[in-house]
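Same chain, two partners: chain A is paired with chain B first, then with chain C.
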Partner chain A sequence: MALFRNDDTPMIDRYRWWEIIGIYAGIFVFLFFMLSPFIEGFLVSLKPLSQLFSTPYSFWPENGSFKAYFTMWESVPGFARYIFNSFLISTIATVIVLLLVVPAAYAFARFSFRGMGLVLAAFLAVSMFSGAVLLIPLFRLMRTLGMLNTYWAMIVPGAAFLIPAAIWLLRTYMMRIPKELNEAAYMDGASQFYTFRRVILPIARPGIIVVAIMTFIGAYSQQFVFALTFNSKTEYMPLPIGLFAYFGKQEVIWNELMAASFVGIAPALILIFFLQRYLVGGLTAGAVKQ
Partner chain B sequence: MTSSRSAWVFAWLLLAPAIIYVLIIVAWPLVETFRLSFTDASLRKTVNYVGWRNYEKIFNETFLTVITRTFIWTFFSVLLKMVIGMCGAVMLNAAVPGRNLFRILTMPPWIVPMAIGIFMWGWMYNGQFGMISGLLQRFGIVDGPVAFLAYGGSAFWATIITDVWIGVPMVTIYFLAAMQAIPKDLYEAAWTDGASRWTRFRRITLPLMAPAIITMSMLSLIATFNSFDIIWILTQGGPSGQTTTMIIDTYQVAIGSKKYGEGAARAVVICLFLSLFCLAYFRVTRRLHTMDKA
Partner chain C sequence: MGQLTLKDIVKRFGAIEVVKSVSLDVNEGEFIVFVGPSGCGKSTLLRMIAGLEHTTSGDIVIDGKRVNDLAPVKRGIAMVFQSYALYPHMSVFENIAFPLRVEKAPEASIREKVEAAAKILHLDQRLEQKPGMLSGGQRQRVAIGRAIVREPEIFLFDEPLSNLDAALRADMRIELTRLHKQLGATMIYVTHDQVEAMTMADRIVVLHAGYISQVGPPLELYHKPQNTFVAGFIGNPRMNMLPVTCTGVTDQGVEVDFNGQTLLIPVAGRDGIVGSALSLGIRPEHIEIGPGEAVMTITPTVVERLGQQTIGYAALDGQDENFCLVLPGSRGIAEEQPLQVSFSTADCHLFDAGGQALERQVDLAAMSLPPVAVPA
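The block that comes next holds the complex of A and B.
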């Protein structure tokens, strides 16, 4: 790791001063693009309303305060409920995905019977169709199952589209578990199920946890189209839809809504710092040859 | 290891729950979409088969414009994602202090709830109070407020930019991983021979990353073609339909106007395009795999 320029830095990684400036300038522009909505959103949340709606535009908040972060709980009724809903929907979706995916990933990783390759390809193809295309029959299906305007209308379809990535990720992880373990268990007379339950699952736990986190993040960040279409009850709305309803209104209390948005994205931002390594590993598993 | 009958049964038992779930939630609706596209399904209780009438109805000039627009929108969005993602990966790969932090800072657009990121863009595009218009005025580039989402042309690009913003982190991180998988000794050999940084990038990095670039562009193409949230939140397809892509168009007809039959026909056209992309993706990745092994 050549992080700092000292004598250990390989010659090839040494830059001239203008190269360093160029790199940092480039990174600054790049990160500014990536972070500007958050910077702007955060500054807006600090500004008093009077400054927000005044011209000319001022970038920095004058008399900025965190007041909006306290008043928003009253101005956006049900805000706490929206956050709770978001977490509830993501959590249940994650549990469903794990229950389905853990056995399936093990099957794909350990057995190769005729037809399984085709099934795996079919799972991957699923991830290429977004829910938005299938809304009409899904709407009718939800109505038939009596799930419209319940949490399930947002959980059940959402989970289906999280399955492919989770299978792919966990399969890659499980393929690294030595086959000898299965053989040893077989020699000892363990049944297939016993081997899966008592030998494979405990070893695969770290991989399962990573998949659970990735699935949760996916479920948390993609709550929109199903919640928009299949649920009209305010008390079941997840955060994005709850806020979306406010953004359309005439008198929008922008600083409080931005504060609310920040509270809503805070869990995701905190997760990034702790899980960056897993995210990268998760994304690139199977895709890039190591 | 047994390859007996019991192992066969066990393997398929493990797969069964996931297969059944996806059959019900994805495969069956896909078939239903095809069936409904030949009906006049709506909010009414009765459903009649109408043959190809829905398809005859939708294939007019407006729909062809929407298809063309979708392809232009997708093309520029994917292109920008690839270019910016590659630039980002190159910079984040440079051995400078702080690069671990920079890598983390790249990820928020990808991780945070998509809709909320889009709300913030909506504010930035606001003509009166938003940052972009405000800063452009401050620096004297424009005279008055520019409401980016109020005009067809600027709204079209504004939605692309937001889509790029959401897509770039994943592309960057993916390219970065592919870049780091390239053997270091190749660079050292080229460096010993006096190859410049640019030559090393042009002759080593780019060719060896071709599979990653191709894979990512195809995945990105499919995801972008499916993009719904961004346009719906920012413009709902407006102003005067200038940002209406095929998905938005289908949503307006099917869910907005409750014309399920006609909406299904539009969805079928999307599915046909997606299937083509999907087939192309599988063919290309398989070819890349066999190239690797050879």
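The block that comes next holds the complex of A and C.
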């Protein structure tokens, strides 16, 4: 018992030993369901290919090694390029989304104008369709605009489908910034734009970073459909399509495929890890008396 | 500089008229307090003066110039918000410097002005801290500092102390009065707290449902309320109202019948009030135990002993409001024991059926005695 609490623990946070075991058991079950595909994937990446189809199947790799992590670059020579493409597409999509969404969310949070509710509802409605439903009209649109087989074919629809959720998320965050701050700045002679830049943006930074992370992850994971339909150039292919290359004519190189998957998501993980350090909570503390 | 005139100011939000034809002259260097119950339109009026809210009709004139359509900075006005409205990501220094940065003032002059303001407000040690690390009183002082650096001619305060605890409020009250003397600027201060109004104001403006109920120096409002609203609002606990009937008007005052006693109240009479029902107002602190000019018997139901004074509340027949009396010190009155109390007719107020006061014959000059010089 003493393991989980001491005399300083408030009464409301004190649990019996069996409650604590229950809580941890719950967390474990939940995490296991979430993470088991990743665990299995990682274990597969360590096994030699021959062992993958042995019966009885052994969960733990025997004489496992990281060999697949080296051979994967030789089996699919363009793989680094695919990672770079994915990263590039997601980054540009995120930048575009932020440039559009930050001012839009501020406008939706601060000003009320005719038809605002309708526009917001429309955004919500758009995000109910997945890109897959609209593939054919999108394809015609891309063809008309001459964007087929370019990076833009993956960036533009990716960004478009990420904007509604981003606006809603950031609007909610910005609505929590007290209106008095705008009024105080206005009293002091600041223009709307000055106030936006010097007061609102810095306070909204944690919210903007959350939106940036969500958008980046979204863009990183949404590329598959658009890349498959709107792009046929190998050199522009992003990671999910690149993984297809491990599906050979006769056999699938499962261990390298798994290794490649992990290598592929690593850059995104690292980026998010660094971004979240800027997620300072409670930045509005002391602004107004709540 | 710093003279403000309001002419027939009206403010409507949609169909609701919140401020209804307010006219007022504020003199240069005056400390004016707008007081009134919540929702009576004090903030709205202040925000119109500030330039945050558009005026439906009427003129706002500052130093002879109509400013209705000018932006706040152009009016020479600074405002301190009830909720402080500090920029949480900036240090105290940057918060105070904000208006100067907007003006693009030179760095040296910014530093000089901010440091001068910080000194006045005792914030010199806190300049590098963020608002989140400050106490409520310090945050309010930062907000005041931000107003000071612009050297406005008129300061507006919207309930600046209502978020502070009682002790701090008393301190800040004194500081604000001191600041007013030091800066000599016109200050318009909104509050719902009559103690703040009484202690700080040169003149009080009592607002009631969008109208000005009465304007005057604190003691005039206390001694000569023009209507039952002001009578009830100024003074704590509130004035007792007793039903009486007018029996006659003489040069000395108005004769009323109060529970079978005939009282001569020294107020200015009026034609046609003989025989009508009036309200007699008497403040709780003017009631004494024992016989006197006007006598009544009450049975206190609740007695509050504060040490400094004893407050009793009694239910009267046919009245919703409790009758209240305040006695100095700890006095031996007990709950549920009938008690004879009295008051003198000189302390009484009389109001007609419409709630308008009959003017009392009190000499206000005699009530505010000149300071007595005590030889050392």
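Going forward, the second predicted complex is superposed on the first by the 230 of 290 C-alpha atoms of A that agree within 3 Å, B and C clash if a C-alpha of one lies under 4 Å from a C-alpha of the other, contacts with A are read in each partner's own complex, and residues count from 1 in each chain.
Just so it is clear, a residue touches a chain if its C-beta (ideal position, glycine included) is under 8 Å from a C-beta of that chain, and two chains touch if they have at least 3 such contacts.
Since the structure is predicted, the reported quantities are computational estimates derived from the model, not experimental observations.
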Discussion item. Applying the document's definition of touching, compare chain B and chain C: which contacts more of chain A?
Written reply: B
Practice prompt. Using the touch definition from the top, say if A:175 reaches chain B (first), chain C (second), both or neither.
Written response: neither
Practice prompt. Determine, under the contact definition given at the top, whether A:254 touches first (chain B), second (chain C), both, or neither.
Written response: first
Worksheet item: After lining up the shared chain so the two structures overlap, which partner does A:44 touch, if you call chain B first and chain C second: first, second, both or neither?
Response: first
Item to complete: For A:80, decide between first (touching chain B), second (touching chain C), both and neither.
Response: neither
Worksheet entry | Partner chain in contact with A:224 - chain B first, chain C second, else both or neither | first
Practice prompt. Please indicate which partner A:203 is in contact with in the superposed arrangement: first for chain B, second for chain C, both, or neither.
Written response: second
Practice prompt. With the two complexes superposed on chain A, say which partner A:270 touches: chain B (first), chain C (second), both, or neither.
Written response: neither
Discussion item. Quick check for you: in the superposed arrangement, does A:188 touch first (chain B), second (chain C), both or neither?
Written reply: second
Discussion item. Counting contacts the way the document defines them, which residues of chain A are shared by the two interfaces, the one with chain B and the one with chain C?
Written reply: 183, 186, 283-284, 287-289
Response to the item:
Counting only contacts in the complex, chain B reaches chain A at residues 1-2, 6-8, 10-15, 17-19, 21-22, 24-26, 28-30, 32-33, 36, 41, 84, 87-88, 91-92, 94-97, 99-100, 102-109, 111-117, 119-124, 128-131, 133-135, 137-138, 145, 165, 168-170, 173-174, 177-178, 181, 187-188, 191, 212, 215, 222, 226, 228-229, 232-233, 247, 250-251, 254-255, 260, 263-264, 267, 270-271, 274, 277-278, 281-282, 292
Item to complete: Please name which positions on chain C make contact with chain A in the complex.
Response: 50-52, 71-73, 77-79, 81-89, 98-99, 102-103, 130-134, 136, 139, 146, 150, 163
Worksheet, complete the sentence: Seen from chain A, its contact residues with chain C in the complex are 178, 180-181, 183-190, 194, 199, 202-203, 282-289
Worksheet item: Okay, in this complex, where on chain A does chain B touch?
Response: 2-5, 9, 11-13, 15, 20, 23-24, 26-27, 30-31, 33-38, 40-41, 44, 52-53, 55-59, 86, 99-101, 103-104, 106-108, 110-111, 113, 116, 119, 121-123, 125-126, 128-130, 132-141, 156-157, 159-161, 163, 167, 179, 182-183, 186, 192-193, 196, 217, 220-225, 228-229, 239-241, 243-244, 247, 254, 257-258, 261, 264-265, 268-269, 271-273, 276, 279-280, 283-284, 287-290
